[in-house]
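Letters A, B and C mark the chains in the order given here, with residues in each chain numbered from 1 onward.
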Amino acid sequence: MATLIEAETPDVLGPAAPKRGAGGVGRYILVRFLLIFPTIFILVTLVFFLMRITGDPITAALGGRLPQDQLDARIHEAGYDRPILVQYFEYLGQIATGNFGVTLSDRRPVIEMLATFGTATLELAINALVVALLIGIPLGMVAAHRRDRTPDAVLRFFAILCYATPVFFAGLLLKLTFSVALGWLPVSGRASTNTELAMSQLAAPSGIYWLDAIRSGNFQALGDIAAHAVLPAVALGLLTAGVFLRLVRTNLIGTLGKDYVEAGRSRGVSEFRLVTKHAYKPALIPIITVMGLQIALLLGGAVLTETTFEWKGLGFQLAQYLTARDFVAVQGIVMLLAVIVAVTNFVVDILAAIIDPRVRY
Amino acid sequence: MAINKKALQCAIALAGVSAFALTACTGPTGGTTSNGSGSTASTIAYGTTDKVTALDPAGSYDNGSFMVMNQIFPFLLNSKPGGADPVPDIAESASFTKPTEYTVKLKSDLKWANGHTLDSKDVKFSFDRQVKIKDPSGPSSLLTNIASISTPDAQTVVFTLKQANDQTFAQILSSPAGPIVDDEVFPADKLLSDEDIVKAKAFHGQYTIESYNKNTLISLKPYADYKGVLDKPANGGATIKYYTDQSNMKLDVQQGNLDVANRSLSATDIEDLKKDSKVKVHVGPGGEMRYIVFNYNVMPFGAKTADADPAKAHAVRQAMANLVDRQAIADQVYKGTYLPLWSNVPSGFLGANESFKDLYGQDGKPSPDKAKKVLADAGVTTPVTIKLQYNPDHYGKSSGDEYAMVKDQLEKDGLFKVELQSTEWVTYNKASKADTYPVHQLGWFPDFSDPDNYLTPFFPKGGFMNNHYSNPEVDKLIAKQLTESDKAAREKDIQDVQKLLAEDISTLPLLQGAQVAVAGASVKGVDSTLDASFKFRLGSVSK
Amino acid sequence: MSETTTAALQPPAPRKAPLLDRLPVTSHIRQSVGLQRTMLLIGVSLTGLFLLAAVFAPLLAPYGYAQISDASGTFPAQAAPGGKHPWGTTVGGYDVLSRVLWGSQTAATVIVVSVAMSIFVGVALGLLSGYFGGWLDRILVVIADAIYAFPSLLLAIVMSIVISQGQSSFWGGILACSISITVVFVPQYFRVIRAETIRLKAEPFVESAMVVGASSWRIMGRHIFKNATRTLPLIFTLNSSEAILTLAGLGFLGFGIEPTSAAEWGFDLNKALADTTSGIWWTGVFPGVAIVLSVLGLTLMGESMNDLNDPRLRGRRAAGSKRSGGKAKKAGKP
């Protein structure tokens, strides 16, 4: 909620931020930058203790086949029966030295696991963002321009419908229509087997398939990757498109009423040009800010999209690791998400501060 | 507008920084490079929803990992397609030379795919290593009967056992604890990562791994110098594709992107696939078992309850055994992918009988009259309130439906009032062993294909379930059959113990799983590997 | 941009109308015109339908949510819609219509419990933090920001595992889901209330009241309550829709409520995945549409109310009146 307030009407935060004297942008940025670390620390600590409450990976994996004394022996062997604070400080020491460990349920180095799944999620998020922008911005402009008339009504309803449809339901309907009934697009996955093999044989893959395909000049693979990307991107993109549509509409309506736009109108500037040039540019700033904030939304939506479309990414993997009680993996993923979220928040706050100096606190 | 432009530029610049921060967190993926030799038309694609924990045999004890190990590692003993009896694999012969000595002679000139020699040193190393590492998620607990291993020469391995004439030992050598690994590649005291195993080409199976993307895609190539008991692969190579959603796997096998889909498809999917002429549903015997556990301490009239009465508790168990309708559950919830199970040892194993069918119900149908009578005879006032626990996430999504039916069947005649409860797996597991659940659901997938795997872990001293069941006669029979080298005598012991167990009802067996694989209509060889060894050998499949 | 932001927060417009017109929804309907009124009315009727179903589920549903047999025998599995089961049955033999109706009750309960808990905890912490300031404030703000910024569904999953230990009854499941959702919502209420408290603390009349000896708690409580009544209905509707989506997301991923404890749409949709690829559409479509319609109703209602509070967006005739501050729009969604 507050994310959008900040972006749309930065003044609302005014009262929350008792104005201090001339702190200067530099100082604010520094303070805000330092705040990133406690944010990450808090999330990592929370997750560490929450995970220990929920049980151990050994019971999760072998509880159904071994007697309790054997389980206990294994738990002791792994050190999970030591005092929790000892384990906590050991963990802090490890991450301080850059040792994130090896996942318990599938034995991967955490860094490598994050790299593999992180790039997959990044690719999905980029695809979805492109879809969202392509749908959201033009339609939002149309809605603002034809405000309170039928197109506006239809588009706003569409925006809310996008929001109201759970990603997994939208994904299911898309899949049933375009891959099962019509057979136009593949059912699931990031690429077909041959492409996956080709991708895994590249010397230094970036992990983002379309980038790798372009770099290696494999355009057959690129087509295959594109076909696989469409449905997940649309399912996740529509969710965000609704937010963008509304945002563009609201901000454009705000700027369309401005004096300089009126002035332009009186000078005979065409209405199309007014919407796309004069009113649109100032409205773009909050939109860019919100784009940053959509990262959290996209990451959340990604779990459900990834599950529906067999897209092996971070969000989906997190759900798997949670079920397996894989402390190490969950902590690693949360750490990465916390970094992403904290950094994006930092950037967004700095942007807001540059746009409106009164936001600083 | 000037301000706006500047702000906009800042915005874009900072967005760039943010994007950089994102990519900075994500390095290159751990893809493996290979010479990329062309696998041709006859490569088969296999799909599964199982997961690989680790390729290192010392570090995993699950179906997903074991399936891959079976394709790439040698065993001393293994079974051929069509049966579950262990026969020498990379061994020439294997047998008890003394009651506590099991001697294995290896074939000569065995080579790992990387050129290293494979001899008795590797064998001793493999088992010693498992016991030494004792990994929390490894199968070392299967090896407790080994006292020591010696290697008189490069071709001979002698296992000294603690318990004489262990009838399951041959099976254990072909179980998840059995794969032999390369002593020049694997460290003796810690696990080796999957990537390093692949890089070192430490394989000697029907296949070697060509490219490995964990739990996404594995590409396998036939190993030319394989000397084991299995035939040369019938295909030119194979890929294993990992799924997380059953319906995606189903659609892929329907659309021809997969040649075989195995473990596991939902009952609804399988029923639908049966109607599809493009694919064929193959069914083989299964070792999976679903059953209800009674906790002798806290079940109604149990030893630690206020109105403890062993006779009444027994009557309650008998009444439940009379009321459950296994066939109805198998048909409605599982659409025939599970079959009714009438004994603690599933059918297909040595000595398996239908002891529960003989004692309870009427010709396999539930019998409310018998249930009423047994309760009345014991003086139990009805309805008996039962707290029935099940777990919704460990034994498949259908557990909820299954137990809703059990509840319905028990309540139908007014003899029981069932409070159905479900709990998430880890908590469930702890609580079930800590006398919290009076009556609860469990499932079992065998470690190896031997009837003892359904007896020893379960019944002596309450078994791993810790349900406080104790019957000295049962314990004695189970111990006896374990070391009985005369097959007919062992079969008789196993039959007798099932009879005793059906009378006591420590657990109430409900269903036995079948192995179901769905393959393209033109795919051959699936049936031959869907045998009682529960090992899927990719090498048997061709198209 | 600077022009748009000059208008600082204004005190609420003077009150005048009778009580009925001041109630959140009715006053909004009166204010609205044309298109906005249509959207608001659609939203109100869908929400009404949802609430009716929730309250009267026991009367409306032909069978219980976990009922798989009646006097005439066990229900068939995956029966097509028609006859005894107007919307068909699931693989377990549950009646789809009954489960959709009972599902609205589960959703409504989760909404009420989670939003009520969020408001209570969020308001309490916001007041404390804003009033005392200092270290407590800083720590709470950082924690709230950290939790707020984190993807809500992921947080809810972690919480549901922590909370649901051993609980499987109707209320156990409901509470696990509600608390998971509460954890995500609290920072939102916390932010609003804290900002308001800080603003009020600096107001001259509060200081003078303190000088005269009146309890500043009382004064602030009154003002915050007044302000809250203006903005909370809006947050409430928007959070309600988010609660439904989070609950459905949890259920879909298998972290929700089991079918024998309560009917839950997301769970049913998850179970229906296998059906949909086998041509059995009714087990998935009905719960899915139920989610969409109830969220649609709540969101339409919340959006329209939000637009009416924002003069820039109100119907053109009403434009130009004073803007009201502190309204909230939501961005999050699982």
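Please note the rule applied: a residue touches a chain if its C-beta (ideal position, glycine included) is under 8 Å from a C-beta of that chain, and two chains touch if they have at least 3 such contacts.
Just so it is clear, the structure is predicted and the values come from calculations on it, not from any experiment.
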Chain pair, B-C or A-B, that carries the greater number of C-beta contacts: A-B
Chain whose Cα mean lies nearest the overall Cα mean: A
Rounded Å distance between chain A and chain C, as computed from the means of their C-alpha atoms: 22
Cα-centroid distance, chain B relative to chain C, in whole angstrom: 44
Distance from chain B to chain A - Cα centre to Cα centre, in angstrom: 37
Touching two or more other chains - residues of chain C: 1-2, 161, 165, 254, 273, 276-277
Sequence positions of chain A contacting 2 or more other chains: 54, 180, 282, 285, 307, 323, 355
Where chain B touches two or more other chains, by residue: 4, 7, 245, 251, 393, 427
Residue ranges of chain A touching chain B (in the complex, touch as defined): 54-68, 70, 74-75, 77-78, 102, 104-109, 111-112, 114-116, 118-119, 122, 179-180, 183, 186-189, 192-193, 196-197, 199-207, 281-282, 284-285, 288-289, 291-292, 307-310, 312, 316, 320, 323, 325, 336, 339-340, 343-344, 347, 350-351, 354-355
Chain A contact footprint on chain C (complex, rising order): 1-5, 7-9, 34-36, 38-39, 142-143, 145-154, 157-159, 161-162, 165, 188, 191-192, 194-196, 198-199, 202, 235, 238, 241, 245, 248-249, 252-254, 266, 269, 273, 276-277, 284, 288, 291-293, 295-296, 299-300, 303, 312-313, 315-316, 319, 325-334
Of all residues in chain B, those that touch chain C in their complex: 3-4, 7, 245-247, 250-251, 266-269, 271-272, 328, 332-333, 392-393, 397-398, 400-401, 403-405, 407-408, 412, 420-424, 427, 431
Residues of chain C touching chain B in the complex: 1-2, 66, 68-69, 74, 77-78, 90-94, 161, 164-169, 254, 258-261, 270-271, 273-280
Contact footprint of chain A on chain B as seen in their complex: 1, 4, 7-8, 10-12, 14-15, 17-18, 21-23, 25-34, 36, 45, 51-54, 56, 59-62, 134, 136-137, 141, 191, 193-194, 211-217, 219, 239, 241, 243-245, 248, 251-252, 255, 257, 393-394, 425-427, 429-430, 433, 442-445, 447, 457, 463-464, 466
